[in-house]
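What follows is chain A paired twice: with chain B in the first complex and chain C in the second.
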Partner chain A sequence: MKLFPVEPGTVGPCPVAPDALQGIKRQQTNPARWNGAGWQDFVAALGNAGVELAEGTVACGVYATDAGGTAYGMPHGVVIARSAGQISLLLKAAQSHRVPVTVRGGGLTTEGESVAFGGVLLDMTGMSRVLQIDAAALTVRTEAGIYWHSLAEELRRENLDYLSAPLNLTSSVGGTLGVGGIDVNSARLGCSADQALSLQVVTPTGEIVECSDSENPELFQRVILGYGQFGIITAATLRVRPYTPLAMRYFYYSSLRTAIEDLQMLDANDASDYSGILTIMDCAVNLLVAFDSDEREAVFHANWKSRLRGYGEFGFALCMAGHYALRPWKFREALYLLQRKREVFPEFRRPEYMRDGKMHDRSVVFSRAVWKHWGSRQMVIPDLATSADKFIEAVERGNAVCRKYFAHYTLYCVGIKLRPEHQPHYEMSCIPPDAEGWAYGCEFEPMIEGGVYSRDHFQAFKNAIYDIGVDLGASYYRFGGMMKGYIRRVFGDALVDRHLAMKRRADPAMILNRDVIF
Partner chain B sequence: MPAFLARAPAAPRDYAACSGCSLCLLVCPMWRGSHDPRLTPEGLAKGLQSGATVRELAAPIVACSLCGACDPVCPERIDLSGLIMDLRLRSANSLPPNSPQPAVIVELSARLHQAAGAAPAAGVVSRSAPVLLPGPELRADPALLARVQALLGLAVFDDDGADIALALELGVEIPQQRLHGFLDSLRGHTIVAADGLLLRQLRRWLPGSQRMGLGPALSTRAAVRSNLVPSDLYVIEPRAFHGDYERMVGYYDRLQRETGCSLSLDLQRIAIPAASSGLAQKLGLAAGDDVQAKWMLQGRKPARIVVESLADRAAFERVCDLPVVHLAELGEDPQMMQKFRHAFG
Partner chain C sequence: MRSVDVVIVGASLAAAAAAKRLVDAGLETVVLERKELPRHKICSGILSPRGHRFLLENFGPLPRETLHEPTSCRGVTFHFPSMVSMPMDFFGGSTPHLHRKYSDHWAIQRSGAEVHDQTSFAGLDDKGDHVLVHARKHGESVEYRARHVIGADGPSSLVTKAIYPDYTKQIPWFFVGQKFHDIIDCPLSPEYFHFWFHPGLGHYTWSHARDGRQIVGVGFKRGDNFAKKHQVVQAYLEDKHGVRLQPAADDDEGCAENFGPSLINRYVFGKGNVLVTGQAAGFLNMIGEGMSCALHSGAISGEAVVEARVRNRPVQEMYRRMIASEVRRCTDQWNPVKIAFDRPHEADFPAALMELGWRDRAKVLRDMWRFIVLFKEFKWGRQMARAALQRPLIGGYSMQRWL
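On to the complex of A and B.
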């Protein structure tokens, strides 16, 4: 396929044609590297403005790829964020010299969105200070480059906790507010982006603006869930809550459909504080349910537990034994399940995180398990986000794709409570346009396990998952970089063009995160 | 367990395995002080992956305090502090032959070579008896050393490998003869070592041996343990802790449950290094900073700080007015006080 060079500020031809057949292999849409025109003048301008820029292998090598490890690109130079004022000077110089600026928080994107293909890489983690904790108002003001985990460390000293954040420790607050942020309590508390009360933003032209639902609301609506298109988040005021350990309960299913029905039943009835599904392929489907208090758990036991169709650990083991005894040709699968159980389960029960039967610091427990058992130098995690009623179909179809492409994989499903008053935030975001009440997300994560797969294989797999999204009218948690060919297919030209017009007004030289969406 | 399910503990991997997850950065005191990704183990691993030279990576190699906090958190099992020690050694070896060396290094090299040539110390301690390797800081405080000995009932081993520990720290080549002489003298003994870095290496060099850090050795004593109270902040010596993480995290978890004291662990159950000093501080070329000790106290209100290491005591005494006591000072066993009256003042 021929990929056409795209001038900044213009719409390129969509490399995935609207009438393309489902399931065909597609080319990646890695952005072309910026050619470096005027770089030296730009460097001189930054120097005059007192903005420190680092060049060379050591400075740039850290940013060669993102967590996905399939998109590689190098910036010309790196700026470590130190203040809104410094970022403002950087963006003003970048606008006048037309130098692309790619913003990076934790770099946990998997489609190359936080990889710089030339230009400046702005590393936001240099702005990692907690500015103020208001224990009475239950809010925190923090610099936006901070990792959620570092924020949690500081909040815990005040016996507080954030509301919800990705289960991976090293995503940043700013990067997450621009993308979504889904936790196992999102079915109750919403996504991380919904926690933000106000933001300090540096616009693509270098203005430093405070925004919220009442102050500069248009900017707030575009920056929240905006994939870094309309400004750089430099500080955020977030809601927080008192810290609690949690009581975690597991139910096991052999049917995805049944487990999802039960998950949605619990969410719809506010029956638990945390809920989600984590699977080993579609063989062992674990519905996890957790509670912040004994009272909430007691209500669950009284009203909802008996309605769940999952088994306890022992009952499920018996069920599995029977299943595989009747299907001896599937003994390899049985062995894999056994081995996986033996490796992964103890991670969730490490004594140093358990006190009186309750789990402390769940994000650490989950995150360490995630990196240890799912992490690798390449992580391919396409996902689908749908309305509640389309979710089972999306997961079942995605599961069939996983089976086709990989021997082993995991599915991770969670609900996201929507805030009707935040509807303007959700436009052209991971929240599907037709979702009401809750949206549901499923990650399809193949186990790479040291295997070697071609980038084409990964890309074909991702395309097959993303095609389901187009077909169902769903959305995606990670859209950008290499899958930006899907943006128009899923949202339609009218909406994308409207956002592009806004983007061009806000960012005349199209320098800020320019390869992510448009 | 069926053999096919049993997996041998995996060997450490090298920097090529780094996936860029950044977990190591969260616990790294260099990062806390700088918020500069170049001063992190991840920056180092990624720099190496990108073909950076040892010289280009000098900043993190020099600034690292070898606290070892990054090792247990790395999901790819990269021996990060080992890598940094290795790079220190390589950077020293890659200097032009006549380039000026700090006096400490010149003097240490001479000492190591002298010790390599010397006959092994005559065995004062019988084989198999437990021995104490106190290290220079504890030796410099004879009263405290006497308390430690009294509590543990241990003889001080004449050759406590202080030169070897310092060589590991500074990246100075250890003559094979010196190393083998030292290790041979320790074979068969149960070892209690105050220096966490030396202990970490002994774990590799003498895999079958019985070893223990000073902290666990002292805190298992009833006379010490019974004096730990919930209002104490117990500061773990990080190198020994991270060098034997899986065992130690369990040990201190039990200690915490039994005594109620709070521990100097972060939410990942990694020991926050209080006195974090890189090469420049070790060589006396720069003053240590107190960022870590201050962070450890932020939002905490202990009545007393209990330390395992004397370096930590100094760090806390600089940043707060709270009483800071060494673990050995908690043991007030009457019989022992009688026997070692001089040590209890």
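On to the complex of A and C.
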């Protein structure tokens, strides 16, 4: 049988029946391994250009999978990023030889977006220097392969801090700006991508371009939250702020709905500097709020604390004791709750990160806790991002899906303040098109607890979550990999085809981060 | 001797799914197929929507030549001796009617694996750190040295026989055959797959349209007479449903099937470095659809090999832990408690039943019971009841029963 190549991004007719797999587009979402056509010529061209390429199982095997741990792929060769000039040479050669290039920062994608199914894997962590800190203007210029944690270390020396970044020690600046990036202060400061003032980008055809809202704004709008389709971010200028330790307060709820209502009330009234929800079980929900200053906390206590319907730790313990005393057959659930309390709570109060009752280095505290007590070998975290009014329904439906697939799971909900002037950045991104003021995101994270599951089991779970997004007209934190199957379903063909046309103009051979969304 | 990472025996859909996962991960994979590709495959070709989605996501949209006419099937219609008929549409819309000769060839090509057709598997020796695979091509011996072997060679699996020589003697075997008729008049809807719960017709009786002809299929315990069984069904269809057909063409076909393992959770997953998957492992959905579980279990066997290498764990351990989800899904389809209180199938039987009047409902349940009694001799009842009891207690089915 003669196999014809499929043009990336296209959706063919369905020869089966118009009503087959209702709503699902006719696209292969688990990409085929690139066939290696012209690889040797490409290697020779790179050699002539002086770009170092590592081949072989040992060099490539390190990059076999991402944090999601469900997609495995092997690049033909690996290039460690050294400079924008080197990346430019790489992309020019890849464009002329039609060799796919997959870019990887911290490798924290969960759907195989940073896994190379053949071709070149470009490891951006080689470009991880902070270039300039301007304490007066509150900006930093940094290479994009740096981890947020390393950037925070450098900023602390100047008594500065980044605005918001994923609570994860090894996510890179460039990767985050390409997808969103959520922190517990996003309800106040927006997503990480919103703090970028300007970027140095290497386009898919190899040009090195500086872009911002005033300089090459179209490229800037496409690269920010663009899932790596329109260029590789090599350096970024970010807004920063004076460093402050934070005072963390916890409120406990037995109802997810009530906790979300209170979270949205706090966000709408700017009542705290940090806010988010972490669930332990359906009946044990933690609303955390935190403050950068005593003044802000005092205002919270005076005006807003009394309106929260959650309990303090002791009050909630009494409630739970009463709840399980009346339901002795649920003793396993109670034991699990106690065990989680014993394990997780001290993580947020470790003495090395606490001084005078305030938490220092929140990124370290949260990241440690996430990896130790939520993440496992695999990060399986499908998510939904919706407008404020659809959020409760989305979370409750997602929670029901979690219950069906896993014994234990946790939900992480947070608000994302939107910036009206950044509306062009948000087009076809994780920000839901109908969100105004705030978008809300929820991650659904099963506790894998040393279990081994098939990719199919995880995928069925994720699809069930993502289908809620299609149903509600929501969006997702992370598009890519398997999300290729959802982007048209969520945003419609007209918008996706417009972006596809732009992508084809920018990347004629469609080499850069192929199969992530197109 | 060729040295590779994995040898897959069979070029079926399970093999293609396993090969896809292995090739994606950069493992050198060779597929051995006894016949010349594209090869004929005996099958109704009605894939479940879940299988369709798997094919789409992993291999791309189906080309037209991989489909029979009609290209799709809307659902299943159950027929009962009391002349009650229950049409049920698949969840999520119509599903493909695969032309296995071309769909399997397309999928194995799309997997990217190297295919050695006209190469018959002849045996294997598991040496602990590698497996020697013996094969024959054009009458000459060929040998492969592989880290792992995946047996995806169907119900009468030679790989299973090589590692469990007595297995085939321990399970009941069925013969499933189909004959093709030109149609004079057929009131049965060509949009549906028709199945008869009729103990007088056989253990597995079906009919559907294909390429302008009507298939009349029968399944029965091995040893009975195919022609006689078929004649009874044809006469019944004419008498009760007004289906008038020309005498069968001479391209009838049949094969051996083992649809017990899914019912009683008695799967065969291999030994040492040899994995067994697809229908060779015993996966079969209710109404005899094996393709979707072949695709998913095949993919899991490939994933297990990759995971075992990445984690440096025994491949059997990885495979058995990962395959548990597919076992749950497949055996749930046969679990009477799940059928009664859940929706384990891809069409809604309880809803269709509730649409009937209470008299018809009673007739259907009575007829189903009489049909089930036909299987009494295989003594599966207690084993199924035990499995059904285990399901809520341990959240799955016992791994202890797997070979």
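In this text, the second predicted complex is superposed on the first by the 491 of 518 C-alpha atoms of A that agree within 3 Å, B and C clash if a C-alpha of one lies under 4 Å from a C-alpha of the other, contacts with A are read in each partner's own complex, and residues count from 1 in each chain.
In this section, contacts are C-beta pairs under 8 Å (C-beta built on N, C-alpha and C of every residue); 3 or more make two chains touch, one makes a residue touch a chain.
The model shown is predicted, which means the values in this text are computed figures rather than measured ones.
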| item | value |
| --- | --- |
| Which of chain B and chain C A:T205 touches, first, second, both or neither | neither |
| Which superposed partner A:S272 touches (first chain B, second chain C, both, neither) | neither |
| Partner chain in contact with A:V364 - chain B first, chain C second, else both or neither | first |
| First, second, both or neither for A:G56, with chain B first and chain C second | first |
| Contacts of A:T170 with chain B and chain C, given as first, second, both or neither | first |
| Touched partner set for A:E352, first chain B, second chain C, both or neither | first |
| Which superposed partner A:N35 touches (first chain B, second chain C, both, neither) | second |
| Partner chain in contact with A:S150 - chain B first, chain C second, else both or neither | first |
| Which of chain B and chain C A:V452 touches, first, second, both or neither | second |
| Contact residues of chain A, present in both the chain B and the chain C interface | 57, 60, 64-65 |
| Residues of chain B defined as touching chain A within the complex | 4-5, 17-23, 25-26, 35-38, 42-43, 46-47, 49-52, 56-57, 73, 75-76, 249-250, 253, 266-269, 298-300 |
| Footprint of chain A on chain C - complex, ascending | 20-21, 23-26, 38, 49, 52-53, 56-65, 67, 71-72, 92-96, 102, 105-106, 109-110, 112, 296, 299-300, 303, 306-307, 310, 318, 321-323, 325-326, 395 |
| Chain C-touching residues of chain A, taken from the complex the two chains share | 1, 3, 6, 12, 14-17, 19-22, 24, 26-30, 32-33, 35, 57, 60, 64-65, 71-74, 117, 407, 451-457, 482, 485 |
| Contact footprint of chain B on chain A as seen in their complex | 54, 56-62, 64-67, 69, 80, 106-107, 123, 125-128, 147, 149-150, 152-154, 156-158, 169-170, 335, 338-339, 342, 351-353, 361, 364, 367-368, 371-372, 375-377, 379 |
